[in-house]
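A, B, C, D, E and F label the chains in the order they appear, each numbered from 1.
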Amino acid sequence: MPISETDPASYVTAARAPEDFDSFWASTLSFDEPLDARFEPVWARAITVHDVTFNGFGGQPVKAWLAVPTGTTTRLPCVVEFPGYGGGRGLPHQCLLYAAAGYAHLFMDVRGQGSGWRAGDTPDANAGDPQHPGFMTRGVLDPSTYYYRRVIADAVRAVQAARVHPLVDPTRVAVTGISQGGGLTLAVAGLVPDLVAAAPDVPFLCDFRRGCDVAPAGPYPELVRYLAIHRDRAERVFDTLAYFDGVHFAARATSPALFSIALMDESCPPSTGYAAYHAYAGPRELSVYPFNGHEGGEATHDAVRLRFLDDAFSR
Amino acid sequence: MPISETDPASYVTAARAPEDFDSFWASTLSFDEPLDARFEPVWARAITVHDVTFNGFGGQPVKAWLAVPTGTTTRLPCVVEFPGYGGGRGLPHQCLLYAAAGYAHLFMDVRGQGSGWRAGDTPDANAGDPQHPGFMTRGVLDPSTYYYRRVIADAVRAVQAARVHPLVDPTRVAVTGISQGGGLTLAVAGLVPDLVAAAPDVPFLCDFRRGCDVAPAGPYPELVRYLAIHRDRAERVFDTLAYFDGVHFAARATSPALFSIALMDESCPPSTGYAAYHAYAGPRELSVYPFNGHEGGEATHDAVRLRFLDDAFSR
Amino acid sequence: MPISETDPASYVTAARAPEDFDSFWASTLSFDEPLDARFEPVWARAITVHDVTFNGFGGQPVKAWLAVPTGTTTRLPCVVEFPGYGGGRGLPHQCLLYAAAGYAHLFMDVRGQGSGWRAGDTPDANAGDPQHPGFMTRGVLDPSTYYYRRVIADAVRAVQAARVHPLVDPTRVAVTGISQGGGLTLAVAGLVPDLVAAAPDVPFLCDFRRGCDVAPAGPYPELVRYLAIHRDRAERVFDTLAYFDGVHFAARATSPALFSIALMDESCPPSTGYAAYHAYAGPRELSVYPFNGHEGGEATHDAVRLRFLDDAFSR
Amino acid sequence: MPISETDPASYVTAARAPEDFDSFWASTLSFDEPLDARFEPVWARAITVHDVTFNGFGGQPVKAWLAVPTGTTTRLPCVVEFPGYGGGRGLPHQCLLYAAAGYAHLFMDVRGQGSGWRAGDTPDANAGDPQHPGFMTRGVLDPSTYYYRRVIADAVRAVQAARVHPLVDPTRVAVTGISQGGGLTLAVAGLVPDLVAAAPDVPFLCDFRRGCDVAPAGPYPELVRYLAIHRDRAERVFDTLAYFDGVHFAARATSPALFSIALMDESCPPSTGYAAYHAYAGPRELSVYPFNGHEGGEATHDAVRLRFLDDAFSR
Amino acid sequence: MPISETDPASYVTAARAPEDFDSFWASTLSFDEPLDARFEPVWARAITVHDVTFNGFGGQPVKAWLAVPTGTTTRLPCVVEFPGYGGGRGLPHQCLLYAAAGYAHLFMDVRGQGSGWRAGDTPDANAGDPQHPGFMTRGVLDPSTYYYRRVIADAVRAVQAARVHPLVDPTRVAVTGISQGGGLTLAVAGLVPDLVAAAPDVPFLCDFRRGCDVAPAGPYPELVRYLAIHRDRAERVFDTLAYFDGVHFAARATSPALFSIALMDESCPPSTGYAAYHAYAGPRELSVYPFNGHEGGEATHDAVRLRFLDDAFSR
Amino acid sequence: MPISETDPASYVTAARAPEDFDSFWASTLSFDEPLDARFEPVWARAITVHDVTFNGFGGQPVKAWLAVPTGTTTRLPCVVEFPGYGGGRGLPHQCLLYAAAGYAHLFMDVRGQGSGWRAGDTPDANAGDPQHPGFMTRGVLDPSTYYYRRVIADAVRAVQAARVHPLVDPTRVAVTGISQGGGLTLAVAGLVPDLVAAAPDVPFLCDFRRGCDVAPAGPYPELVRYLAIHRDRAERVFDTLAYFDGVHFAARATSPALFSIALMDESCPPSTGYAAYHAYAGPRELSVYPFNGHEGGEATHDAVRLRFLDDAFSR
């Protein structure tokens, strides 16, 4: 995507939050069921990984991994991570970075996904409205049935689950994720007030209308293809999506944040990342990768993010 | 796909029906709820199209159109048609061919689909197991939850719905469809004994294992991509799919059939169509289109199929 | 084509009509040969379709279908339609929409085409100058030999042919078509003064120079590839094309028009459609499809266009 | 196209010549008009290139270049060359190789082509039947109107034109060409008895049915796409093509031949080249390029071919 | 690559080792310079990663990482791993799996590479013969100058480097790698006699001629493109490659091996993997992934390989 | 690339030459070794081509061809030409145009290249730092080791080699080349003061940063991909490239120049060509090809360039 966006850093979003945005989420997050987080060690070598189950949206069970350095006896800061679109929590030995770095690491499964590039184990009970293949249009005709309502509620619950584990210091929890994981990071940062840090990378789910206009790849085009068939539903669809826009979550966040944006990103175009970054209400830093596509900063940014988390956890 | 299959006409399938295939379907088709078919005219010009609603699998409402020549006063033979993968019933003025030809025409919506190329209106309530984008892997870990169990039950119900309309002659019903519609045609032909004709075109849902091995395009690769992630589930998945294989339905069909196969078809490779054709237990004819891909015979074959139906309806 | 044109609705064309534009067309349309329209019923069911032959440009025979509801006894309003690039009139049962809607429908074949996606039956006798594959550069070095001179003359004759049929009300004729059919619709609307309506969809043949600059797909690039070889002929080619530009025909039209434009159209970029729309001299309406490519509004717009035609025919 | 043909060298063609093949060509080559070859020097430096015009099929003027080393005073052996599909004679300074090698070189234009990759200047008057874009289906419903009847007649005339130039030794004429030029080389070798050599490279126009079955690129697919629309014309089309098949011309040739075949050729698949090579009735040699696609041997084979021509001319 | 190889498991290679294969490698591995392995901790958290430098081929410095669980005090079994084509050792925190599993892990950099997908730090001094972009043809005209001679010598040295570290048990060293890493694994397994295990995954560098014939993707086509230009060098190139063929190294290996092969692998086609597997002279196991491309078994196979290594290390 | 650059002709480059640009090149061009140009005739027909060897950068032997009309006895003006990226001098009979036009023609090989599309014979001894496949990043971390330092020095030496041949008039030497050859033409024009003309076509190696930003094809993306992995080296890489930028060479040139630019060029985007054209310090002309991609003016421009050279040589 050479220079398809002429000046993404100065892009001004037209996204506006619905008036009842906050009450919608307050209602969504008033869970009736107990969290009931359970942890079972399943991979115990130099790193120990626990199989995690907790009650997410609607009391439905959601899976995760919790990894810690073996032999840990004191409470550790914890990184809660959300996967990219189509992926799941994978296998236990895929969750090593943050535990190897000396932290606890909870990696949440995303309901229904996990058959595209990393396996997942969490079902998504849903109403079954007609949808475009993929997850972007599942239940999209109403905010109350939209797929990401359930996923974001799960993500908030994942932070709660991390905090109840005896090896996790509940006062030092950070959230992170790449792409969809970055969008969920923003959502949680906007909904959970007492995080110590948020690190969204090449975030998805930001300024949906812009994403539909400019993204030639990735999941935004699922919305475009749906609207190319259901030509009379654009207003209704974007009304729904406004409740799930990372830009609006960013405007409600307070924890320090480290963003990353890749200037040749065709899936999450840089302007959409900048829209969220500019809106972010807490302290914020930004790493820009001018020559990368949606892969973003990868291992290079892992190192940057680890330093950012070290700082956040040691404050 | 030039000559990628060296001799599809002589391909011998390895597909075998499960022992309880027939009891599985007998059980599935013992509907608890009444059919409750309702017909409301919504497009009344020289052709009249009715909005149809009937109770499909699980008593869930399924939509369809019923088109007849305006002014019809006697019972007409009826063509029941099923859409291709990703499509729905569309708009009423898209269902004109068979009514223009002088017949009644019921065009069934496919639950959950109808956002890929022609709009649909029928939800698919489902259990929500993780799935690959699309419909091929929805509930695929068990025959009782597999997506196509619900769709095929709906298709049997659609024939029942057609038969109760006062302008339809219930003794003269034929089924047809292209691609997924062809696969559903075979399923209904194998499950409903008293049809006067079946006309599956470039049928999908036939010999799934072969389809996974040879199809470079279309929906078979959804299964491949799912199994590329869930590497340990191949046996379980193909055990499920065996209950839904057009080859096995074909072996149970008795009505006269007209097949079409396109030799350059990359989505429904010709060998898979031949597998069903060779297995077909009733009288059968075949139109081969050597220079076509998955579009198959299109309007040329519409004319062939009309003549075939004329014969079947006048017997 | 995500956002490749930054603001197509405000695009200002640089196209200018040649001074002798009107005399060129007056001369072209002073036919020497009689029209000699013949109609033979070939498909007679609930809709009756006639095989039509009339004398087009140079007195050469041009084919068409004429469809009417069977049993019609009074003169009907008539829709004259022109096919898209590469297509022909197809088979009789492909022309059902407008007859099913209660109108007469004449669908013209396009000379020489009809081997790309819908079969055609009309030859194009031509001078044989070297050309790029396709029809865009056939005879393009001179307006008198350019391919579309013959086609547009045929299209004007098609309206005349429709008007002479005893079931057609000659005072209520409308023209329509998609893509190339939309371009021909504009041409006929600019050349035939007494139409009751014109409905060009995603029109091709508008502002050729702009089309060459921005269209990554479709037939405009045939011109680009020709000029990439014949590097010294650009001026001459665009001088020829100026006699065939839908923008100039639009500026001469008077009948009420319904346009459609698709904002992600890579074959007929939206700016070229807006150029014609802004130039249109008669009353005009516009349907914009923001999430569609060159397929445009499809069945959704068929419904819009039918309502527009209903209004036009009932005025 | 890695190994798409499993063993092309042993491919056995099913192509059979029509009974009246020879009389068809005898009739076609009984020209009524005089040859009337004219030569005008247009580029005179160390090589001199003449603009050539002669009467081809139907007496229509055909262009060519004739290049000789400047200062030549004695009759030279002459190489007559035909261009590849879509190309023309180009500009005079593009015809240097054989003159630089010390021979006369006549490079024929191909009527109607010359807008795809090298410019051409020769019109093709034709009957104008509907055709697929390109030249493969122009007039293909009858041998007498098929495009290549005119082109092959032109090619025979081009040899006659070369022979009448005062600097050409008419007893030492060879023919050559790449791709379409190779197909025309075979045609001329089969129709003109007294050539001293023929050098067809990666020849096109050989075993059309096989080409349609296996070629994923190049012009054979034009036939496939035409037959994909005109589904009922396959027999008629292949009956026509049988009069133009390089395999049948090869079986009538007597001059020594050097073939080249590229094993990864997707446009002129190796089996089609082998079909012609095996059929060739004169002495024959073959250069196989196992790692090349349709570009074949290029400059490497130019050197091989020059040595072959040196031998042929010095016999 | 659906079923492009009809029966890869029964493919019989034609590859033959040169007579002086063993003396060539004996000579290559008689290093003049001391190994001089240096280890410097650079990432010390729950896992400690050392920056490693040792003298590889020609005494040139080669980089690696050595990772161990922090706090290790006894000698550990060690996994020596080689990267895939185009990759390097990356950053220290990318080498976590085997240390997290409780082993030492040496990950070798590949000279000159490490700019394609994971960064590398090791230069490749070379003679500079013309080459195709990439590494496959660097110095390919002679075994003594071929790029992989240097890389394989480095890989043998990497095992030696691992063995001298005080936390590594030199009697329990295994080798592994994916793709190019799998090819190097086979080379080391054939050249180093006392390894406890070898685990080549989807191995590259096996049966080069077959790879050139059937691989549509990956680095084998670099050879094809080189030979497409240097048409007269095929024999010389394949004579060189015979000294580096994993099939011949496999025939000399004795340690227990776990192979993996993916049946839809377009870069390292399954037949080439089977060629090496069938030739392998030691005890061998095989995991086949029927629905995967070149990604192979990924995390699923990581678990299989870990169990295989656990067994090997505990014998 | 339809209109991807909105107004390339008015693009203003941000490229700035390093302060020591001139001293860097003065030092590079102070050759220690004698030129030692040797000429051996290898193809002697109407054109005679000599195999040329001279000492290039570091005294390393560089190959070329020198072609002249056979029988030449007086000193001729000479065209020195440099090949495009990936190509070499090829075979002797590929160098005919300028000799056929009556001039001497030296065609230089490019070290290390010549395996991509035209064969080369000149090695490139180099230090071997890790690099991206291709030549753009070879030694790119320092101007003294960068690949193009050696190539540009070779190109200056090629002019010297041409001048010492007894059939070349050393006072009438012009330089030319397409793409990379155009970039080298600019470099030589900026470094050699007494040329009579320079003709860079669609020049590469101009304004590297812009090329990285906008070129979707060709070799600029090699730099992008390298920097996508080595994310921390962008400043260092562009610091190196500043010593090799055609824009800076253009600003130092004095000979009359003919540029060509193609407006749809995706490999050498028009803005980069305009950057060099606007910077050019000598008299300059420009041919713009609005409908061509990177192929540019081809034979059409050959004729333009020949006229330009005729003028230059006859002044």
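Assume a contact is a pair of C-beta atoms (placed from the backbone, for glycine too) under 8 Å apart; a residue touches a chain by one contact, two chains touch by 3 or more.
All of these numbers come straight from a predicted model, not from anything done at the bench.
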Minimum number of chain-to-chain contact steps, chain A to chain F: 1
Relative orientation of copies chain A and chain E, as a Cα rotation angle in degrees, nearest 5: 180
Repeat of the A-C interface, chosen from A-B, A-F or A-E (over half of contact pairs identical by residue number): A-F
Same-site or different-site touching of chain B by its copy chain D, using the half cut: different
CA centroid of chain C to CA centroid of chain E, Å: 63
Cα-centroid distance, chain C relative to chain F, in whole angstrom: 50
For chain B paired with chain C, centre-to-centre distance based on mean C-alpha positions, whole Å: 37
Sequence positions of chain B contacting 2 or more other chains: 118-119, 225, 300
Interchain contacts (touch definition) - all pairs: A-B, A-C, A-E, A-F, B-C, B-D, B-E, C-D, C-F, D-E, D-F, E-F
Residues of chain A defined as touching chain F within the complex: 2-3, 264, 289-293, 295, 297, 300
List of chain F residues in touch with chain E within their complex: 86, 88, 111-135, 137, 225-226, 229-230
Chain D-touching residues of chain F, taken from the complex the two chains share: 45-47, 69, 90-91, 93-94, 96-97, 99-102, 118-119, 299-300, 302-303, 306
Contacting residues of chain B [partner chain E, same complex]: 4, 212-216, 224-225, 227-228, 231-232, 234
